[in-house]
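Next come two complexes built around chain A: one with chain B, the other with chain C.
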Partner chain A sequence: MTVDRSGRKYFTFAEPPEQIVLESGSRLGPITIAYETYGQLTDDKSNVVLVEHAFSGDSHVASHKSDDDEAARPGWWDSMVGPGKGIDTDKYFVICSNILGGCMGTTGPTVENPATGKPYGLEFPVVTIADMVHVQKKLLDHLGIKQVLCVIGGSVGGMQVLQWCVSYPGMVRAAIPLATTLRHSALAIAFNEVARQAIMADPNWNGGAYYEKSLPEMGLAVARMIGHITYLSDVSMRRKFGRRLQDKSDFSFNFDADFQVESYLRYQGSKFVRRFDANSLLFITKAADYFDLKGSDGQLLNILSRSEIRFLVVSFTSDWLYPTYQSRELVQALKKNGLDVSFCEIEADCGHDAFLLPNTRLDSLIAGFLKGVVEND
Partner chain B sequence: MTEQASMRFDLQIISSWIEDGSSVLDLGCGKGDLLAFLRKNKKVKGVGIEQDEEKVACAISKGLTVLQGNLSEEVHDYPENRFDYVVLSQTLQQVYEPAELLQELVRIGRKVIVSFPNFSHWGVRLQVILTGRAPKNDQLPYDWYDTPNIRVITMKDFRLFMKNIGVCILKETAINTHHHDIHGHIVRFLPDWRATYGIFLVASCPGGQCEPD
Partner chain C sequence: MTVDRSGRKYFTFAEPPEQIVLESGSRLGPITIAYETYGQLTDDKSNVVLVEHAFSGDSHVASHKSDDDEAARPGWWDSMVGPGKGIDTDKYFVICSNILGGCMGTTGPTVENPATGKPYGLEFPVVTIADMVHVQKKLLDHLGIKQVLCVIGGSVGGMQVLQWCVSYPGMVRAAIPLATTLRHSALAIAFNEVARQAIMADPNWNGGAYYEKSLPEMGLAVARMIGHITYLSDVSMRRKFGRRLQDKSDFSFNFDADFQVESYLRYQGSKFVRRFDANSLLFITKAADYFDLKGSDGQLLNILSRSEIRFLVVSFTSDWLYPTYQSRELVQALKKNGLDVSFCEIEADCGHDAFLLPNTRLDSLIAGFLKGVVEND
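Right, the complex of A and B next:
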């Protein structure tokens, strides 16, 4: 097994002619999955917590105890995952992998297409949330894990949690979908479409074939700015920025960044460009838009009625990207299918981002729920 | 103090009515004291519904299954006879549509346990007659203008109410409580006058035939 300096491990499979068949019918292979693990796997392999990252995340959910700065760098959910934390790595074996179509080590549009010898770009097939989960299942098979104690994630990560329950109900003992939805609303699709259009309108995008040339930085930065707005809330933006000016006492009477909020968005945009791929954003947002567990008759969820999965659904009061009513819809569907479901709407004014921010209430909810799953068996 | 003795006295009586290994829905479950007790001592598979976020979080953190929401709305999603028991303890006096709710509860639960403060306690009656003020005591600690108790119920009223909506009373117990409602005793003599709380076991009666428990 390869482990690189940043703590990532890699698993490659689906070598031709054994490619996997995607939901769209296309075939894809070989596929490499980048993943990281934390804590110790018990002998009976019963303590696995599978963490699903949101759309721009990666496998580095928490920092590793390591002398190497790369591996020890902060993770995206350090407040939740670690020794003694909500997801206690002294007790649980945490696995987090980069999603299919991503750009943080797992196969996606940035990797070389074996057919052409060049990066896939738009020749990468359109993947779905179910495809992302399908390849994660292959990873667990490879690791010899037959059942996970819990699968947890927020936002697009929450979609993967739900998809896991539908695709492989027998492999999941408990599920924690956070700040997520059964399917994207028109509002969520609209924001994603504007983000995609921003990228495709950048002349450097060049139909997705930009890898040896100038990158569509402006388009990707604007796409990130749009995303950031949807992760915040009116209240948090008022508190964070108000109408305060950036390093000046008066308007500039030109189109420089006058307001702090403008400067913040520009900073977030330019920071994102350094770590994320524009085509990846297109593919992942598309997968999120296609996701729909409700169908016309909620049939997909009915599959779960014979499963024993325990659910903890959590929403946040000021999340306007996936508002509480969408979580309640999920809860209602689970109740009607006779499933064991707990639900809590956490009071938080920081919008959709709330699930990633340190929150002692969320910590104790998750720690207590996991403990309950382990004990009540 | 034992675990049972530290629980509210009406909940102690209610838990004694619940059979081992049954399924229970606790409406307005608070921090889940009753559910935790039933899970530990009676192997009960329980679900709670509670509106207050902090209490919900506390109950879920104990590993209990609890839904945050309005109990009048949450009950609609369950199929018929989903639970062996549905518990509505000290909440009926705060419900807007009690008839609709009770009908729904006997649909989703084989048996329903209801407890409420008895407004016909002699102390309450005397307060109204002698002081001319709206009653206020340990069980009804609120002023008229800030009370969540929008329904004034007596044990007699409840019996009539059950008759009117076609629900059978299988069992009833009157209790007198003191010291933060943790201690108390069962009242057998003049219960309508002497009980601080009434506890009823009710169920739907197909064919109009009630069979006492």
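Right, the complex of A and C next:
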């Protein structure tokens, strides 16, 4: 097993078959999975909390105690994961892996296609949320973990949580889908499609074959700006920016960023292009758009009704990307099948991003739920 | 006066001073205004309804009775404007002009800059909603109209309605701002800024100097797609598209448009580039972003409190670009100053676009309000 200085570990399917069959029917392999772990695995391996990251996240869910700056750097969910926190790493063994199709260590469009010796680019196959979970299952097999105490994640991470319950119900004792949905709505697809079009409109994108040339930075920045608007809310933007001007006493009367909200979006766009791959954005958004656990035949109900998974479903009042009514739809479907479901809509005016932000209510909800799962063993 | 075959008339400031001083302090001129009229002006000129178009509209608010296809083609508000309709052209003399900075006949970035002999492009000055109204005032002066019965418009058109009441309160008897706001919110600015960035990211945009070269079609299409999402609503998109696939029985597993909502957005984007100018989008969105009648000192209140304008304010339940709370803010400000205000929030699930769509409730509201204004003379 490789461990790099950031605390990231790597597992590559080495045994035959080193390929997996994807939902599309295509084959993909070999596949490497980048993952990180926190806390200690108990001897009976009963304390695993599997954290699923959202669209642009990675395996670095929290900082590691380490002298190495890279490993000690802040994680994307430091407020939640750590000793004594909502997901207490003194008690639980946390695993978080980068998703298939991503660009943070797990196989995706940026890595070398063994068939050509060049980065996959658009030759990478379109993967689904089920494919992402399939690959994570391989990682757990490799680690000898037969069941997780809980699988948790928000947004696209929440879709993976739900997919785990459908794909491998016997491996999941409890599940916490946050700020997510059973099926991607037309509105959510629309935003993703415009982000993809922004990237594909950039001549540097070049059909996805840009790795040895100039990157489609302009298109990717616009795509990220669109995303950022959907992560916020009308209220949070009013509070955070209002109509405040950026370093100016009056309007510029040109196309500079007059308002703070404009500077913020431009900054978020330019920051993102330094850390994220444009093709990965295409693949991950497409996987989210394809996500539909309900289908026309109520598939979810049939599969989940055979499981004994306990659920904590959480939504946030100002989330307009995956609004509360979508979580309620999930809760109703689960309850109809006699499953044990707790539901909480948290009052928060910061939009879809609320699940990522420090929130003592969410911390204690999750800590309490996990404790209950352990105690009701 | 020139009249072209589409029914469009043109007025160019011919008398000195042929320039106007803009809010920015810049001077602009000569200025041509494209406008259309419907119905008959009474001898006392007391039956004028001034219609203000929204962002991408034009002077062709309704079709003309004409043998010419161009003049007879549908207008953007045919459901509202015509004989026996909400704005009854058997009773009222309707005037609608293309806005300053637009690209449908009125002076804007596409026309020749007399200083260079080339299209203005980005040398066109940044104009404001007040500048647009200033130019319309010149048109009314030219037509010998001293007062309008009513000024009406939605969205950016609604901003012009409010600006009329502030700039020339003595010339307005009644005002109907629809689906609009007193001040552009951070969310609305954010969407506009991303649309502008999408255009400016297109290498063909070329700093706005593209008229003799390739047009920035890709960037403009993405900008329009962003706009289109904001004009709809979660509910309307669910109803209109849901997750229905486009001409396919299953997913493509590539980056074609799988879903109908994707095809719809792509179509709207490609259609728009055939009729609209990218620089005009920059100028008009900037004018909207600058719009803030309230300011820090409650400017609106002071100016409007000296007027006797009657108001009908209308919002739509699913409009999330200019939500009802923003119309209520306007209503409260007007009432506080003892002005005569009627307010109606119309139940509609089609989002911001609701004001443009056939709606018998809106028709009768407007017809009744106009009748009241005439009778209470």
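We take it that the second predicted complex is superposed on the first by the 372 of 377 C-alpha atoms of A that agree within 3 Å, B and C clash if a C-alpha of one lies under 4 Å from a C-alpha of the other, contacts with A are read in each partner's own complex, and residues count from 1 in each chain.
Assume a contact is a pair of C-beta atoms (placed from the backbone, for glycine too) under 8 Å apart; a residue touches a chain by one contact, two chains touch by 3 or more.
All values reported here derive from a predicted model rather than from experimental measurement.
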| item | value |
| --- | --- |
| Touching partner for A:197 - first (chain B), second (chain C), both, neither | second |
| Greater residue coverage of chain A in the superposed arrangement, chain B or chain C | C |
| Contacts of A:371 with chain B and chain C, given as first, second, both or neither | first |
| First, second, both or neither for A:222, with chain B first and chain C second | second |
| Which of chain B and chain C A:342 touches, first, second, both or neither | first |
| Partner chain in contact with A:68 - chain B first, chain C second, else both or neither | neither |
| Partner chain in contact with A:328 - chain B first, chain C second, else both or neither | first |
| Chain B versus chain C as contact partner of A:187, first or second or both or neither | second |
| Doubly contacted chain A residues - partners chain C and chain B | none |
| Interfacial residue positions of chain B with respect to chain A in the complex | 39, 47, 53, 56-57, 60-69, 77-79, 82 |
| Chain C - residues contacting chain A, complex | 24, 26, 122, 125-126, 183-187, 189-191, 193-194, 196-198, 200-203, 218-219, 221-222, 225-226, 229, 232-234, 237-238, 240-243, 251, 253-255, 257-259, 261-262, 265-266, 269, 282, 286, 289-290, 292, 320, 323 |
| Chain B partner contacts - residues on chain A that touch it in the complex | 310, 312, 328, 331-332, 335-336, 338, 340-347, 361, 364-365, 367-369, 371-373, 375-376 |
